[in-house]
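One structure, pasted below without further comment.
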Amino acid sequence: MRNKLSKVLIPKVNFRKFTEFASFKETIGQAPGTLIYTGNKNETDVQVEIYTYNKEEIQKKGGKSLTEIAGVSSENRVNWLNIDGLHNIKLINEVGKTYGLNSLVLEDILHVDQRPKMEDFGDYMFFTIKMFYNNPTGELEFEHISFVLTNKSVISFQERPKDVFDLIRDRLTNSYGKIREKGADYLFYRFIDTIIDHYFIVLDKIAEKIELLEDEVMENATTKTLQKLQGVRKELIYLRRSIYPLRESINTILKSESPLLNADTERYFMDIYDHTIQVIESLETYRDLQSGIMDLYMNTASNRMNEIMKVLTIMSSIFIPLTFIAGIYGMNFQHMPELGYTWAYPAVWILMVGLVIFMLILFKKRKWL
Amino acid sequence: MRNKLSKVLIPKVNFRKFTEFASFKETIGQAPGTLIYTGNKNETDVQVEIYTYNKEEIQKKGGKSLTEIAGVSSENRVNWLNIDGLHNIKLINEVGKTYGLNSLVLEDILHVDQRPKMEDFGDYMFFTIKMFYNNPTGELEFEHISFVLTNKSVISFQERPKDVFDLIRDRLTNSYGKIREKGADYLFYRFIDTIIDHYFIVLDKIAEKIELLEDEVMENATTKTLQKLQGVRKELIYLRRSIYPLRESINTILKSESPLLNADTERYFMDIYDHTIQVIESLETYRDLQSGIMDLYMNTASNRMNEIMKVLTIMSSIFIPLTFIAGIYGMNFQHMPELGYTWAYPAVWILMVGLVIFMLILFKKRKWL
Amino acid sequence: MRNKLSKVLIPKVNFRKFTEFASFKETIGQAPGTLIYTGNKNETDVQVEIYTYNKEEIQKKGGKSLTEIAGVSSENRVNWLNIDGLHNIKLINEVGKTYGLNSLVLEDILHVDQRPKMEDFGDYMFFTIKMFYNNPTGELEFEHISFVLTNKSVISFQERPKDVFDLIRDRLTNSYGKIREKGADYLFYRFIDTIIDHYFIVLDKIAEKIELLEDEVMENATTKTLQKLQGVRKELIYLRRSIYPLRESINTILKSESPLLNADTERYFMDIYDHTIQVIESLETYRDLQSGIMDLYMNTASNRMNEIMKVLTIMSSIFIPLTFIAGIYGMNFQHMPELGYTWAYPAVWILMVGLVIFMLILFKKRKWL
Amino acid sequence: MRNKLSKVLIPKVNFRKFTEFASFKETIGQAPGTLIYTGNKNETDVQVEIYTYNKEEIQKKGGKSLTEIAGVSSENRVNWLNIDGLHNIKLINEVGKTYGLNSLVLEDILHVDQRPKMEDFGDYMFFTIKMFYNNPTGELEFEHISFVLTNKSVISFQERPKDVFDLIRDRLTNSYGKIREKGADYLFYRFIDTIIDHYFIVLDKIAEKIELLEDEVMENATTKTLQKLQGVRKELIYLRRSIYPLRESINTILKSESPLLNADTERYFMDIYDHTIQVIESLETYRDLQSGIMDLYMNTASNRMNEIMKVLTIMSSIFIPLTFIAGIYGMNFQHMPELGYTWAYPAVWILMVGLVIFMLILFKKRKWL
Amino acid sequence: MRNKLSKVLIPKVNFRKFTEFASFKETIGQAPGTLIYTGNKNETDVQVEIYTYNKEEIQKKGGKSLTEIAGVSSENRVNWLNIDGLHNIKLINEVGKTYGLNSLVLEDILHVDQRPKMEDFGDYMFFTIKMFYNNPTGELEFEHISFVLTNKSVISFQERPKDVFDLIRDRLTNSYGKIREKGADYLFYRFIDTIIDHYFIVLDKIAEKIELLEDEVMENATTKTLQKLQGVRKELIYLRRSIYPLRESINTILKSESPLLNADTERYFMDIYDHTIQVIESLETYRDLQSGIMDLYMNTASNRMNEIMKVLTIMSSIFIPLTFIAGIYGMNFQHMPELGYTWAYPAVWILMVGLVIFMLILFKKRKWL
């Protein structure tokens, strides 16, 4: 079902992306709630879309500002407001005012390196999470996604238009399954579930790389292999850092007893919690595997060195004495009686061959051959 | 009682099996409870069998569908419904409907990489666990097994027909011991107990391998040894990952105070809990041992290298100066007075032998010989 | 936005500074509360300044003693008293008496190696923290800063005049934002927030170093690289030691339920708590990265050694037998029939070239070339 | 008081003994409480002895079965029933019936690899522990010992007759101290106390070994040293595994509030608890020390290798150019004008000596000499 | 203020002292409370001294037994009874009887390897701690000190007369500070505080050593350096073992709510608790640093080896082919046309020099020069 990758690329984890603290410089000393987008600003335009639906009907509208999408009926309906792109601070501010969001929430939406967290503000709930995917060249990328869950609405904030929610859009539009029959909390659950399901794809990719690297180490390790191993390690470090706090966040949802969540949605969140634990356990397992392969690499390299040393030692040990003997009879002393004997030359040959045989036996006994 | 294995095979942990996340791709975006079997589908047919018994009587029926096994009297009896093979989703669905199981439970039954868990649904209890065994070639294999315990029934779901419950079947049929006198909860306990007892066999196999590998490292380590050590490490990692959550699951049973469990069955589950702890502690011990042997390997290899280097150094250090001396008197200068002296040649020999003796003493003093 | 550093300096963590326990010698056996400044005394003069403000007005006064700055109206105002320099013990004592501070608090203010802590004394709250910054030469420096929060005042104690609070001074003076509208607890929050924001800059610098060092290891590692890696490690150790206890301190504030803190300030402290966790997680991540690069360094060095050994082995293995052959025919035996044959010399050449080709093929097969 | 061991033997930890899971194979599928002795069966006969005493009197009887020792008056007396040897399952079963013990208890008594645990059954208490001692050849051995404490009796189960309780027998018989004045719980405490005191002797032995190994590593390390270090490591792993759960067991006794334990015995158990912690802390310390010595070994070996390489390099570097020069003037070209000059030979000598001096200075500067 | 040590001595941690379990052999099987001193007995005489004071008066008496110091008025006064030397068991017993101490307490006073602990006996409190100091030769030594705090008295038990309490004696006698105004609990606090303050001096010494060792590793590492590093590691292991339990002990004091402690003394104990945490954190930091330097050492040594190998490789690689060429033309074949050409000899020189230049360029390109 799955084909072997032809080779493992050296992963180019975009390190700066993960450590984009520089942006903080701009915010230092600023009052809390001063909105500054800390991500990459040269993105395409911000896009806004709204879905409002109930069991019978669904309405969809898209645009570039809140006013463009205004006018959809929302009575007795569930609303999903989706913002693609975070660099239009005015728009974010507008959303914040419309829905009465705390300024700290808006700050967290814009800080792309905010760790996953869940905060209950009574009449709305704020949830932020990292989305991971491999881009076409196999590099690991992540996106900062935030959700606000109110009584009747889910607002989602993303960095880039491209997202993983198309399947949900499709289900909403075509009313597959029970998604249209349920409330905003169920939609909210589906978003998180979809994101966490994608973690498994990313993990699967890493499992594949680890497996290939193990083969590579056993068969044909090079310095590149080492750098790939280090790359996998970095990916695992970043994933762990981004996913670990999620456990706590989802646990907070489970324990929140918020009226925003229906009783029957709780079991779904328990399921998500279970998946998160499984992701974290897999990450730990992969780290263990990675470090095992690192050890294997080191020991394999050391073995190969021993092999090389052995060959050198054997060659040298055999020829050094022979060369010495040849040197002896290359001396130009006038009084070297051996030089005159007819049998001397063959005798030296016999001596030399004997020496070689003796040495080979010795090395055999020492298990060097 | 136990014979030494002639050799340790390089364990071929079926890595993909353990990381079969690819299947998740199919489930992403699906509504929760969408049933997709994530295991290997090219198995033999699904088989269903039912045992219904009380102290006096036992009835058994087998077949390929629920209808084939229908019609056994179940009044005042304990029922054991066993499903071998999970790829017939229609059947699983049917079972789910008949027994009123939650769709998330059915999902967990089919996801073969679901971590061990226990969930109490009030009128039934769901328990999933991994079964481990070594296949005939010594490879470690696992199977995903789920149980549903209701008031009067135990339903077991397995991936493959071959299982470890034959002894229980035998005892049921022949009414050995008190198994026929007790309720469904006792039968449920016996299943889990049997599976965990099998863990000890798997652990024993690993202990054996570790012991042999330690001997191998001390006596005759090769690159193969290294790969075997890595194999054992991988087995331990996988086992830990699969067994660790079990501790929590069984603890959940102990604390559940479910009416499905009789008070006197509780002590049996405490016994199981105790065994689980012992398995986990053994796993930790074996990891410690494995990593100790890895260190031993590394140091032994490094020692051997030092040995080789020493030989090379001694050979070179002794012969290099001798060859130089021979070279000196191989020069063709017309005015080399030594060449003409009669005693020069024996003198050079004396010089050379003296040099060798001096060097040997020196090396002896440095403890290189 | 950020330029690559041309090179990573070997960080000169001022080790003694971090371990300035020597000063304790002076305090041993002293009654608790005996005030001894444990920092560096050859600083500039102590400077005192006071800001008192409400929404409408702000008054500022500076000087070298409490009497110089006396006489500012403080009714219905928030006061910020700032002490720059801790070596004037008489002044510190005076402040202590004026505000009724416990002698243990004064001791903690003066011990520059006091770990971060928070203590609630009912009518005032004591908080001490480390401030980190990179000095112009890139070295990591820290300063011990203490705060006392009373009902209407914040008193800050610093080691050196230069500080990071200029932006706050500016905002106070020009009444930017809501800072002038809020109480002493908000001012207190802004100080801590500013300090923790600076941690991110320091972390960013370290992230940059780690990234450059990774490149350096992959491309052109030297012993200097090793020392830089060790330097980064030391920085991380010191930062962790200084920042880790902060988590607990801020948690203590959150749980204190002190009347000194307004209910709406609490969410700000939760925000700070969140940032502290993020800093700590980053530190852990960087340690992981640093140790990964250390491994990479070690393995890269070992690889390079193998390369060198390979070249040596190949050269020796090829030429040692050739030189031996040349030695054979350099012997001066009178009866060496080969010497007289016309084709002998070219034959020897053919033999030698054949040997070289044979060896090259052999090495090719062993993947040494 | 303690003499240095002349040498550290390579510890032969009886590995199979510690991992005697094979026996489980026999028990799999068996009903719980099926009694199978999992230890070594070729022991001497089972021996039974009973002590019954009060302050005034003591009676002792020994034999091979319960009937042989029957008939001792036990009214108002404390009884100690001691079973040496566990392979007579009939006897164990009889004891179980006489004292009304749960079948799971009997199972735990017979499973020699049962981890330490304490279980409170209301009218009796079950406690199992490992006893460690060094056999005459210095090997670490352990024995599985179980105790049952009832209101008036202590029953002890041992694998082998030889035990550490002779001092207690002596005290009982001669009524030393207060042992005869106190109840069964005090006797029970004395047994555990004696066993844990023996742990310190075993630890002391290990401390001694570690110390000697450290000296050996610093002075004269060989491959044997490595294997001894590994042996110590294995001993520590096994001890930790066997002693760690004890902490919890004794804590369970402390918290049990069982009527079987007098209030004043509790402090004695707190003392035991304290000792157990001390044993565990010592084990951790010794592991730290062992791993430190392992590092020391590795680095010392690596240092020695560097030494050897240095000698080889110096020898080669000095003689290789000299031999080359000699080779030059050994060439047989007819037109080599130098060969005819009278001063050429001494000039070559001067050149050579100069080269040697130059090289020695160079190596001196590089700190290789 | 602090001068650099000229060199770091190899610390001679008195290992046996730390592991003086042998003494336990004597106590095994003994009834609890059997008093056996487990320390070194060849000390000077036991010395006893008593201070009794209130705000107005102080009385002091010294001697060799309790009777010698009897007769000091103690009404309304605080008493400090100090016992120097623990080998006079009769005396200890006498003290125990006079003050009504539990026999287990007396046992703990005499066991010099008892880990730090605090026990509350209602009318008195028992506290035991380790005192550390560097002896004149720089070795780390420790002493086992116990305290009993009753309502009006502090009794201190030390192994040796020399102690760190002279400053307290001085303050008591001269009534410096408030020590004479306060109760026995304050005196008790001052003792513990003084001992913990001394920990900082010991830590400071270790910090100094670590710093010097880091320099040594970077500049001029030898095998001695390695042994010093191992010595520091051992010191840190022992300190951690002895100080870690202290955290818990002092926490027990804080939570004891004993009437023996005044409410205002509590804050002093919180201060001590804080210092203990700081000591423990420093120990962790130093271990981190020590292990970092160990890594540095290993890598530096490996780097140096690479350097040496490079030189050897370059020398060999250059001269081996040249020597071969010289060997060729040293052969004695009669038909070697080159030998007769006038330009052959210079041609060979040109060839050789060309070869050297070619090789140097090659090595330059490979960055080996």
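Each chain gets a letter, A, B, C, D and E, in the order it is written, and its residues are counted from 1.
Please note the rule applied: contacts are C-beta pairs under 8 Å (C-beta built on N, C-alpha and C of every residue); 3 or more make two chains touch, one makes a residue touch a chain.
The structure displayed is predicted, hence computed values, not measured ones.
Between the contact lists of chain C and chain D, the overlap consists of E.
At the interface between chain D and chain E, under half of the residue numbers involved are used by both copies, so each side presents largely different positions. The distance from the centre of chain A to the centre of chain E, each centre being the mean of the chain's C-alpha atoms, comes to 43 Å.
Those residues of chain E in touch with two or more other chains are numbered 298, 302, 305, 309, 312, 316, 320, 323, 327, 330-332, 336.
Chain contact topology: the protein chains form a single closed ring, every chain touching exactly two others. Around the closed ring of chain contacts, the path that opens at chain B and continues to chain D reads B, D, E, C, A.
For chain C in complex with chain A, the touching residues are 1-2, 167-168, 171, 176-179, 193-194, 197-198, 200-201, 203-204, 207, 211, 214, 218, 267-268, 271, 274, 277-278, 281-282, 284-285, 288-289, 292-293, 295-296, 298-300, 302-303, 305-306, 309-310, 312-313, 316-317, 320-321, 323-324, 327-328, 330-336, 367-368.
Contact residues on chain B toward chain A in their complex (touch as defined above): 15-16, 19, 21-22, 24-25, 27-29, 31-32, 34, 102, 104, 113-115, 117, 220, 223, 226-227, 230, 233-234, 237-238, 241, 244-245, 294, 297-298, 301-302, 304-305, 308-309, 311-312, 315-316, 319-320, 322-323, 326-327, 329-332, 336, 338-342, 344-345, 348.
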